[in-house]
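Supplied in structure tokens, the structure appears directly below.
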Amino acid sequence: MSTQLTPEHFAALAQQAVEVPSWAYGNSGTRFKVFGTPGTPRNPFEKIADAAQVHRYTGLAPAVAIHIPWDRVDDYAALRAHAEDLGVTLGTVNSNAFQDDDYKFGSLTHADDAIRQKAIDHHLECIDIMDATGSRDLKIWLADGTNYPGQADMRARQDRLHDSLQRIYDRLTGEQRLVLEYKFFEPAFYHTDVPDWGTSYAQVSALGERALVCLDTGHHAPGTNIEFIVMQLLRLGKLGSFDFNSRFYADDDLIVGAADPFQLFRILVEVVRGGALNNPDVSFMLDQCHNIEDKIPGQIRSVLNVQEMTARALLLDRAALEAAQAAHDVLGANAVYMDAFYTDVRPALAEWRESRGLPADPMSAYAASGYQQRIAAERVGGAQASWGA
Amino acid sequence: MSTQLTPEHFAALAQQAVEVPSWAYGNSGTRFKVFGTPGTPRNPFEKIADAAQVHRYTGLAPAVAIHIPWDRVDDYAALRAHAEDLGVTLGTVNSNAFQDDDYKFGSLTHADDAIRQKAIDHHLECIDIMDATGSRDLKIWLADGTNYPGQADMRARQDRLHDSLQRIYDRLTGEQRLVLEYKFFEPAFYHTDVPDWGTSYAQVSALGERALVCLDTGHHAPGTNIEFIVMQLLRLGKLGSFDFNSRFYADDDLIVGAADPFQLFRILVEVVRGGALNNPDVSFMLDQCHNIEDKIPGQIRSVLNVQEMTARALLLDRAALEAAQAAHDVLGANAVYMDAFYTDVRPALAEWRESRGLPADPMSAYAASGYQQRIAAERVGGAQASWGA
Amino acid sequence: MSTQLTPEHFAALAQQAVEVPSWAYGNSGTRFKVFGTPGTPRNPFEKIADAAQVHRYTGLAPAVAIHIPWDRVDDYAALRAHAEDLGVTLGTVNSNAFQDDDYKFGSLTHADDAIRQKAIDHHLECIDIMDATGSRDLKIWLADGTNYPGQADMRARQDRLHDSLQRIYDRLTGEQRLVLEYKFFEPAFYHTDVPDWGTSYAQVSALGERALVCLDTGHHAPGTNIEFIVMQLLRLGKLGSFDFNSRFYADDDLIVGAADPFQLFRILVEVVRGGALNNPDVSFMLDQCHNIEDKIPGQIRSVLNVQEMTARALLLDRAALEAAQAAHDVLGANAVYMDAFYTDVRPALAEWRESRGLPADPMSAYAASGYQQRIAAERVGGAQASWGA
Amino acid sequence: MSTQLTPEHFAALAQQAVEVPSWAYGNSGTRFKVFGTPGTPRNPFEKIADAAQVHRYTGLAPAVAIHIPWDRVDDYAALRAHAEDLGVTLGTVNSNAFQDDDYKFGSLTHADDAIRQKAIDHHLECIDIMDATGSRDLKIWLADGTNYPGQADMRARQDRLHDSLQRIYDRLTGEQRLVLEYKFFEPAFYHTDVPDWGTSYAQVSALGERALVCLDTGHHAPGTNIEFIVMQLLRLGKLGSFDFNSRFYADDDLIVGAADPFQLFRILVEVVRGGALNNPDVSFMLDQCHNIEDKIPGQIRSVLNVQEMTARALLLDRAALEAAQAAHDVLGANAVYMDAFYTDVRPALAEWRESRGLPADPMSAYAASGYQQRIAAERVGGAQASWGA
């Protein structure tokens, strides 16, 4: 019953790239506690060095997303050269308009024009950085929202959001793009200004062609059929990027595929179905927190999870599926679908990795490398990077 | 602290109308059991007679939505005359493409062109009926979806949905409109073809100006901020109508305001804020099931709940709210907001009703009327109306 | 990395039994529509004949649960003999106190003593039937609850529930047991009298040793960690039985493992961990609805899903897991855990089935048998069995 | 229709006390940002001074819960005297076993006996402090849990939890009690060791009579009927205390009554129904975070919300309710219930406050007092208290 990966599948897998977030290598936690770990980077250069390890052992992570101001440096050309020396590039630039005291009541939606302008200016600075780093995408996730009914006028905020985004969008040049991420809730608890794909879609549609939606797999209401949204945004031509992670409850930011591997499979099936695999218009990124597990192997595990599940999605026998669907054979169609999911692609992928000069088992190769021990020994003193850094 | 209803408020309330659904007067239930009640209507004429009672005691429900085929009659002119004799009109026409065996695997999205055409034709018939009844709105709620991953190609269904809707939309004439309702889940359990406002918005936007979204307050994922969607759809000019009801868990279809009165308040605040109160472009309707309670008083209670909560929404002191919002006085703004909610508008509304020749307490006036006893005695024999009818 | 099924594993799998529900072979649906299918049984004898097919092709389903009154017959000895002739036995007896008009406002919790006595008597009748069929377990799922706050006194209902259950429990003899199922919501929408495991646990603990909890995998709030409850109930010695199925949203009653296969794996890992596999004190049952798919193959698929996932749970390398856990190696422990899940046990199970005289692929063997066509041809006329029957 | 507060009601309200948490006066936030505010306390003495303001203006908050180590001082007798000088007492002692690096993988459930002993010892220290402060209750909320399936053995942790709790419980003397709080999720994302009331109930039942459950209103799965749990725990004699707050999504820790005032009403109706109002065995406490609003008025608003909603619960006409319930008059019973909720008790409470020498409007009295400006001016320098302090 079970099928095998073909050369065409491997060709598709060989092109796959998953951007890793610089902040995943720093400490993170919950409102209750941020636990530190030996070896945690103290600056953007060390973060990129760690990120490069992920690419080294997997061949899957050629780009590193950065976050401003967490990754602010004096010389972005030097940061870019540092990355390139390590075999990776700088990817998406992520803005941050939620950690300044001025943003307590909003940023791009703020009622006070001076604060709103400050938030817009921050995004313009991010575009300047994109110019320096050669990054294509500006990713905007807003913490904007309110905690209590009546606290603010949601509609006026939506209109100001449009105005702010338009002014940022107008600053983009060449191939640059703006991707707007939506999130169900947190840190705001009553209303969030960009809470769902519909809002993100409506806002980016009002901007222009180079404005797109970013879908974070952890940012939906309980029970949401995420692959449906993937399908719909691809159909509408507005899916710009993925932030992969997984969740049991809220925005848990766990390792992609850890909480519900079958959901990840279904998402990747729609990615393939919708022509988004190896499509430069749709970026694959991670956005995760390794609160208690080791960060570099946590990232290695994550990109491997995406790769393995993509392989399963590729295995899906579309001809058999379509035949069963056409016959309204519910059980037959589901069986074809599940067959791809249940097939163990790991041995074939291990062999293929070796054939490409990569370790068959990137996790143990990294563990055996001694890198973790080395950074733990060397990175003594200084402040470990974290969200607050 | 608390405020009072003014003549302007009463003028607004006097114009308010809530359309009632003919099917609420028939029996309904769950998949486990449909309980019958003495006096339940046996045909559309009796349903409209019951609906007219709601208007008689409240002055709030001048129109009755009908559902085809449940309300199919030989002579719609006669049904219309019957309604008008009783002081009400026929309102929105609701289609039904979920109770024919052919629709087991879809209707407007069906892969088989013959079945899809049948579903389209059903909607064209509904428009014919609208021509006869003088109804403005065709409301489409689709049960279409699948139960198992892989069962169908979601994207192809979405494309077929567009094609079907376009062919229906093109048949509309004059002031007629199409409103497309979305629903999170049920009766399909894996995917639903119109599951969220974003999908409904994308689909109706592709049709034209007279295609709009219908927001049923019970059709969202747990925790969804519904008033945000109300705000957004009004901002986008695409909110066509409300289906009011309330819920604790899924699409419970309980009496509007029963499960979360504060949520109803917040929704109506956005209705007022967004200019949708007494705006002919936005219809207010009920869509409820009175599984265990008496149906006519259940409907009276419902329209009163909408009226009372609208009165509270009108009481909101917008100047004070805006001042507190501008000062970022979170507690102050919330206090202004809650003050309107906690004000007891019932005595003032009772007085005002009497001044208009309506009973102060419509519930007890109806109970005292003997109507319920009369229909229980008279409606003997025949098959009670229900969803299956 | 991946492991193999051993003779010990196969020995455990050989003992595994999953009771199938007679009602799964009849029609079911939602409140919107019940679709019929050719060949659907018209009476309990035909249901059992269909159930026996599941056992015939899988060797996994030696017992059939019955439901009173849906499976009421004049002569239970004849029904038992019929089952035994077909190679199966009659299993759990399920009561039904939700389809009589008297139960509109409750059954074992009803405020009216006469109606409550009627519900108690129904359960005593079920125990009489157990005496005749040789069934061990009386399973009680109650639809009791309310739709509106204030409708009833929840506490008094809880006290009456205790009294009713005590009177039923006292009637049990010998090895007979009472298992009390809990359910989050539906058909009641405001409160349910046995909504969670805590309530079921408190109620059965007050009865005695032979009263236990039934855990239906679809009866929890969104996001509930079900395997935790399995662990806890096993730890407390109070898990009597499982009702397996799967769900995306509410109590969807889909095929077990279909919605979240990884959750099923986690549950079965706790089953093995807690000593519940092949433990006569813990029954495995299905409780599903095949609304749109064929019923017999739907059941075959279901018991196979349980078997396959049990095989994966058995594969879990507990020594390696414990070592990683002891080292607080989060990623290492999770890797051991996921390795078992991702291993493809299907080829080994197919071989093993053949070695036992069963078809390697029960689904295609059943399809090839012609049984479905035969019953479709033969079962003409009469009323198809359904929940209403 | 609406009813009035009677002298008996006021007598009950006069006895009502709501304990306030010292940590609510310090800064709090989300994982994204903790915003500071001028005037925030720098030490436990200042926190208690702020808490005393709440009692001063409301007469409702005579006790202040403390949290160890956040409120660790050298001399608890001095802290107690300070509190008493300000007219309040020290209340519940809250332990903290989640902010030490040792607790990364658990505390009372930890697999390592040395760390587990450390956590036990921390609780014994808390009991020592209770001896010094005269506090009755030790409240235990555990952050213990795991983020990834397989990370730990849930059952062994449960057994160790029992052992740890037993050793803490055995140290209690006299009237001292242990209350165990449960929480659905956060900060652990896969499993939480005390996730639901059933687990807390099973654990405290195994300890003895002076071990009870603490119900935090924000710690449940979406859609949970919390008043049912209140009813059940009161029925079982195991409800020790409430942590009041409100939520839209997760454990938002918003002002009690802010998110769903009707839910608070329903809870308080069950409190009254179950004899828990003014019952010394059941403590009322707040547990909230004022992330963006002013803290002292946030607390004043909160205790007033509890008071106002208690007044509405007292207004419930139980005779009328019981009559409607007995007649199975669903709409009638709900109308009696809603009548109490919709009655505006605020004017009568304002009058009553004045009659007792309290301000009619505690919020504006506090605002007018100048206290907030005074502390903002005086509390300059030092580290503002927060969860990390």
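A, B, C and D label the chains in the order they appear, each numbered from 1.
Everything that follows uses one rule, which is that a contact is a pair of C-beta atoms (placed from the backbone, for glycine too) under 8 Å apart; a residue touches a chain by one contact, two chains touch by 3 or more.
These are the chains along with the protein names UniProt gives them: A, B, C, D = L-rhamnose isomerase.
These numbers were taken from a predicted model, which means no experiment stands behind them.
Common partners of chain A (L-rhamnose isomerase) and chain B (L-rhamnose isomerase), by the touch rule above, are C, D. Taking A-C and B-C together, the pair of chains sharing more C-beta contacts is B-C.
Each chain gets one centre point, the mean of its Cα atoms, and the points for chain A (L-rhamnose isomerase) and chain C (L-rhamnose isomerase) are 40 Å apart. Here the spacing of chain B (L-rhamnose isomerase) and chain C (L-rhamnose isomerase), counted between their Cα centres, is 38 Å. Chain contacts: chain C (L-rhamnose isomerase) has residues 104-105, 147-149, 184-185, 190, 222-223, 225, 248-249, 258, 262, 292-293, 330-331, 334, 338 touching two or more partner chains. On the chain D (L-rhamnose isomerase) side of its complex with chain B (L-rhamnose isomerase), the touching residues are 1-2, 222-223, 225, 248-249, 258, 260-263, 292-294, 297-298, 301, 308, 330-331, 334-335, 338, 341-344, 346-347, 361, 363.
By the touch criterion stated above, chain B (L-rhamnose isomerase) contacts chain A (L-rhamnose isomerase) in their complex at residues 104-105, 111, 147-155, 158-159, 184-185, 190-192, 195-199, 201-202, 220-225, 227-229, 231-232, 234-236, 262, 266, 270, 273-274, 321-322, 324-326, 328, 330-331, 333-334, 336-338.
Touching chain A (L-rhamnose isomerase) in their complex are the following residues of chain D (L-rhamnose isomerase): 28-33, 35-36, 98-99, 101, 104-105, 143, 147-149, 184-187, 189-190, 222, 247-250, 252, 254-255, 258-259, 291-293, 387.
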